[in-house]
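Should a chain be cited, it is by its letter among A, B, C and D, assigned in written order, with residues numbered from 1 in that chain.
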Amino acid sequence: MALMQVNFFSTSLMRNVTYHIILPNDLPPDMLQGNEHNNREMKTLYLLHGYSGSTLDWMLGSLAQEVAGKYNLAIVMPSGENSFYLDAKGTGRAYGRYVGAEIVEYTRRVFGLSTKREDTLIGGLSMGGFGAIHTGLKYYETFGTIIGLSSALIVNSIKNKEEGFRNEIADYDYYVSVFGDLSNLENNENNPEYLIKQLLEEGKEIPSIYMACGTEDFLIEENREFHNFLTNHNVAVTYKESPGIHNWDFWNAYLEPSIKWALEDNK
Amino acid sequence: MALMQVNFFSTSLMRNVTYHIILPNDLPPDMLQGNEHNNREMKTLYLLHGYSGSTLDWMLGSLAQEVAGKYNLAIVMPSGENSFYLDAKGTGRAYGRYVGAEIVEYTRRVFGLSTKREDTLIGGLSMGGFGAIHTGLKYYETFGTIIGLSSALIVNSIKNKEEGFRNEIADYDYYVSVFGDLSNLENNENNPEYLIKQLLEEGKEIPSIYMACGTEDFLIEENREFHNFLTNHNVAVTYKESPGIHNWDFWNAYLEPSIKWALEDNK
Amino acid sequence: MALMQVNFFSTSLMRNVTYHIILPNDLPPDMLQGNEHNNREMKTLYLLHGYSGSTLDWMLGSLAQEVAGKYNLAIVMPSGENSFYLDAKGTGRAYGRYVGAEIVEYTRRVFGLSTKREDTLIGGLSMGGFGAIHTGLKYYETFGTIIGLSSALIVNSIKNKEEGFRNEIADYDYYVSVFGDLSNLENNENNPEYLIKQLLEEGKEIPSIYMACGTEDFLIEENREFHNFLTNHNVAVTYKESPGIHNWDFWNAYLEPSIKWALEDNK
Amino acid sequence: MALMQVNFFSTSLMRNVTYHIILPNDLPPDMLQGNEHNNREMKTLYLLHGYSGSTLDWMLGSLAQEVAGKYNLAIVMPSGENSFYLDAKGTGRAYGRYVGAEIVEYTRRVFGLSTKREDTLIGGLSMGGFGAIHTGLKYYETFGTIIGLSSALIVNSIKNKEEGFRNEIADYDYYVSVFGDLSNLENNENNPEYLIKQLLEEGKEIPSIYMACGTEDFLIEENREFHNFLTNHNVAVTYKESPGIHNWDFWNAYLEPSIKWALEDNK
C-alpha cells in the first residue's frame, strides 16, 4: 500500500496544489491471494472532504487505507478548499473541473488507473457529498458511481438569499463567490436537481447514486428532499438513514458499506 | 535544522491549511560556535511565494535552508494561493489577516519565536513581494522589515479596469474577486500607496523596506514607480536593480543579500 | 487540531529523520467548552508503530486524531524502523535513546508540552508495544504510563538462538543486529523482565502498565507470560484479553479505552 | 512539475519507507517548446544523499527541481539512511538492492519512466557518491551513467581496521554493521574497485562515470586514488577537480554540469 502526497500545477486552479493518493499497488502476495478485487485494473475512488477540511481529512478521520487494501481500490483525496467543488467565476477558480476532469485525467495518466466509467467512483461527506453528487452528475460520462454521505445539498436553502444573509457556516459574500448569483441558482448548472433534469431530458445515463444521512444530522431534510426529488423523477438511488449526527462516527459507519455496495452489490 | 510541514485550522481561511517552517533549532554545536546570529532569540522571516506558487516554492526553488542556518533565522512559508495576500470579501477569504496576524501569532506561540518587531521580517517574490509590502505595511506594528523581490505592484495597472478586461495572468472576475471593486482601488486599504499615506499622516513607524527588481523584468516599471513614490514621500527604502528577468536566478541572487542587509547592515 | 510532519537531525540516529505529531492546540472554542481535559498543560502520548511500519501507521490505521482531540492529548509518532526501539551497537543506532529521551526532550522544548511524568505516556502495538514497555521501563522517570497492545514480547522466544535460526519475521543476523548477542539476552537491559527486576531491587517507581492482546493473536502466550511475570512480582498491571487477532480491528478497539484508562480511570 | 512524497512497503527493507520524486510531467506548453529534452521518454536520475542526510536533502540543499525541468528529467530521491547504500547482513537491510533494483523497478512501473539503460542515471554526494558508484557498478545493466560528487570512497581507509577503531564519523561497530567484516573488505562486493575488476574480467559494459571533488575536500585523496585506479585499468572516467570543500556550494556547482555532460556531451 503506497501513500503519496502529490504537489502539481493545476491548470483549473492556475497554481500548484496538493492531493493525496492511496495506491494499493504493492500489497504483499499473501494479501492478494483469494482477493477477488485483485484480478482487475485499478478502480479509483475520488473522495472529497467537507467544508473547512483538507486533503488530509479522510486519512486522519477514517480508515480509508483499510478499505483501499480490501477492495484493491485507489483512493484520490483532492482538496476542494471551501469551494463546494464548483467552478466559480474568474481565472483559477474552476474547482469542479479540477475534481471532475483534470485530476481524473492526471491520476489516470500518471498512475495508470482504469479509465472505465464503471471503475471510477466519486464520493464525499458534507460539502464533499454535495461535490460528489454535483461533480458526478456534471461529469456523468466519467463517473459510474456517486456516494454522498450527509451531503450538503444546500442549494434550496441559499437560493434567492439577499445581501446581509448569513448562517452558521458563512456569509452572503461567501455564498455568492462560491455559487454565483443566488437569485439565479435554481436553473443553473450549480444545482444538482437542474443537472438531473438535463440528463433526463437528454436521455443520458445517470451514475449509480448512494446516499446516507443521520436522522439527527442538521442536513437530514436536505437529504430527504433530494432523495424524494430523485425518486419522483424515477432516478435510481440507494438511500440509507440511521441514527447519527454530522460526524466521523456516521461517515465511518457508511464508508465501507457504500464501497461494498458499489463494487459488489450494485455490479 | 528542522523542516516542518504543518496542517492546522486557520480561522482567517475557515479551513485546514498547510504551511512549512524551517527551524534552525538543532544545529550541531560546531556550527553554532562563532556564529553571532546564534546568541539571541529566534528571528523569523515570513516568506511568500508568487502567483501560481505554493508553500513548497521557496524550498524547491531557492537555498532558503542555507540562509536559515547561516543567520539562525526561522523561515515560515505560508500558502497565499492566488490571493495577493489580501482580505477578500466573504467568509474564509482573509488571506491578509492569515499571513499578517494569524500565522504570526500561531508560529510565535507554538514555536516560541521572538515577538519583537525588529526580529520579524516579511518577504516575498512577485505576488509575494506585493504581499510582503502590503501586509508589512498593514501590520506595521508586527513587522520591522519588508523585502520585496520583483514585486507585483499591479494596483495602478488594474485600477478602474472594466468587465471584459483580461491580461496574460488573469481575467477581470479574478481581479475583482481578489482586489474588490477595481474602480475603488486607489484610495483603498488594498493599495500599498494608500497605506503609506495613512501611516505618514498618523505618524506611524514604517517598516524598513528593501526592494529589488531585474531591469528586464516585466514588472520593472511598477517597481520603479513604487520606489519613486516612496522617495517622493521621504520614506526610506533600499532599492536595487540589476540585469535579470522574473525568475529564480534573480530571486536567488537577492535572497541572502536582502537578509544580510536586514540582519546586519540595517541594524 | 494541527498535524505536523517534522524532519530534524537526531543525535541518537546521527541523521535526519521524520516524525509526525498531532497537536490539539487550536480546537475551536465550542469544542473546548466543558471538556475537562482542556484545563491543563498538554499531556503527550508517544505512540509507536509495529514491525514493518512507519511514522504514518497510526494516522492511517487508527482514529488517533479523534482521540487526540477528545482528550486534548498531543500524540507523537516517531519511526523506530525495524529496531524494536532498542539501542543497537554502533554509531547512530540508539533507537531506544531516540524514543525514550531525545524525541521527548525535543518535542517538549519545541512545542511546550508538559514535562510532568504523569502527563507523559508511551504506547504502541506489536513491536511498538514491546518498545513502549521496554522504553517506558528504561526511562521510568520520564513516563508515567505504558500501554502495550499485542506487544511483541519476544525475548524469551529468541534468546539463545543460534546462527541459522530464522522465523517468519526475520533471520538470525537481524535479531543479533537488533538485540545484540542472543546468548546474553536474559540478563540484559534489552529484556523488559530484567528491567523490572532492576527497578524493584532499586525501589524505583514503575510506570502504570496497561496491556491488551487478542486471544487469537500469535503473540498471546508471550503477553500472558509477561502478565504473569508482572503479577508474580507484584507489579500492578491492567491486563485485557478479548477475541481478536493481530490487526487494526483489535488495536482500534483498545486505543481509546487504554487512553481513557490512563487519563481518567487510573488517575 | 510535480513533487511527490511516496511512502510504500519496500521488500528490501521490509518496512514502509519514504522517498521523493520530482516529475516534470506537467510543464506548461510554453516551457516545452524548443526544449530538445522533451521529445523523448522520461529519463531518470536516482539521486542519493550523504551520511546523516535524508530524502529531503537534495530538494532543500540544491536546485534539483530546476535541473529536472530544464532537462525533462525525473529525479528520484530515496533515503539510504546511514547505510552507504550497501546490503548489510540480516533481514530488511538490503539498501543496495533497494536503490539499485527495487526502487528502479517500482518507479518505472508506477510512473512509466523509460526502462532504457542509457536513460537511467545514478548520482549522489559523499556517502551518496559512494552509493552511486557502488550501486551503479553492481547494477551495471540498469544504469548507463554514474555521477559521484565528493564521493566517500572510504573502503581503503577502513579495511582491516580492528575493534576499538573510530574516526570522526563513526565507530568500529557501525562500520562492521554497514560494510561487514572489515578484514575481508578488499576482495568483496562492497568494494567498488573489486566490482570494476570483476566487470573487466567478465567483459561487461561499465557505465559512464563522472567524478568531481573539491581540492580542499577531506576526501580528495580517496577520489584521486579511485580516479587513478580507473585510469590504470583503462576505464573511461570524466574527472573534475576545482577549489572547494565538502559542502553544498561545491555540489551545486557540479549538479547541472554533470547532468548536462550525461545527457548532452557524453551522448
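In the analysis below, a contact is a pair of C-beta atoms (placed from the backbone, for glycine too) under 8 Å apart; a residue touches a chain by one contact, two chains touch by 3 or more.
The structure displayed is predicted, hence computed values, not measured ones.
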Inset, instruction - If every step must land on a chain the current one touches, say how few steps get you from subunit A to subunit C. - result: 1
Inset, instruction - Identify the chains adjacent to both subunit A and subunit B in the sense defined at the top. - result: C, D
Inset, instruction - Indicate the whole-number Å distance between the mean C-alpha point of subunit B and the mean C-alpha point of subunit D. - result: 37
Legend entry - Intercentroid distance (Cα basis), subunit C paired with subunit B, Å: 43
Inset, instruction - Provide the list of subunit C residues touching at least two other chains, using ranges where the numbers run on. - result: 3, 7, 9, 56
Legend entry - List of subunit A residues in touch with subunit D within their complex: 1-9, 23, 25-26, 28, 106, 109-112
Inset, instruction - Mind listing the subunit A positions that touch subunit B in their complex? - result: 7, 9, 13-18, 51-54, 56-57, 81-82, 88-93, 166, 169-177
Legend entry - Touch list for subunit D against partner subunit B, complex: 3, 56, 59-66, 248, 252
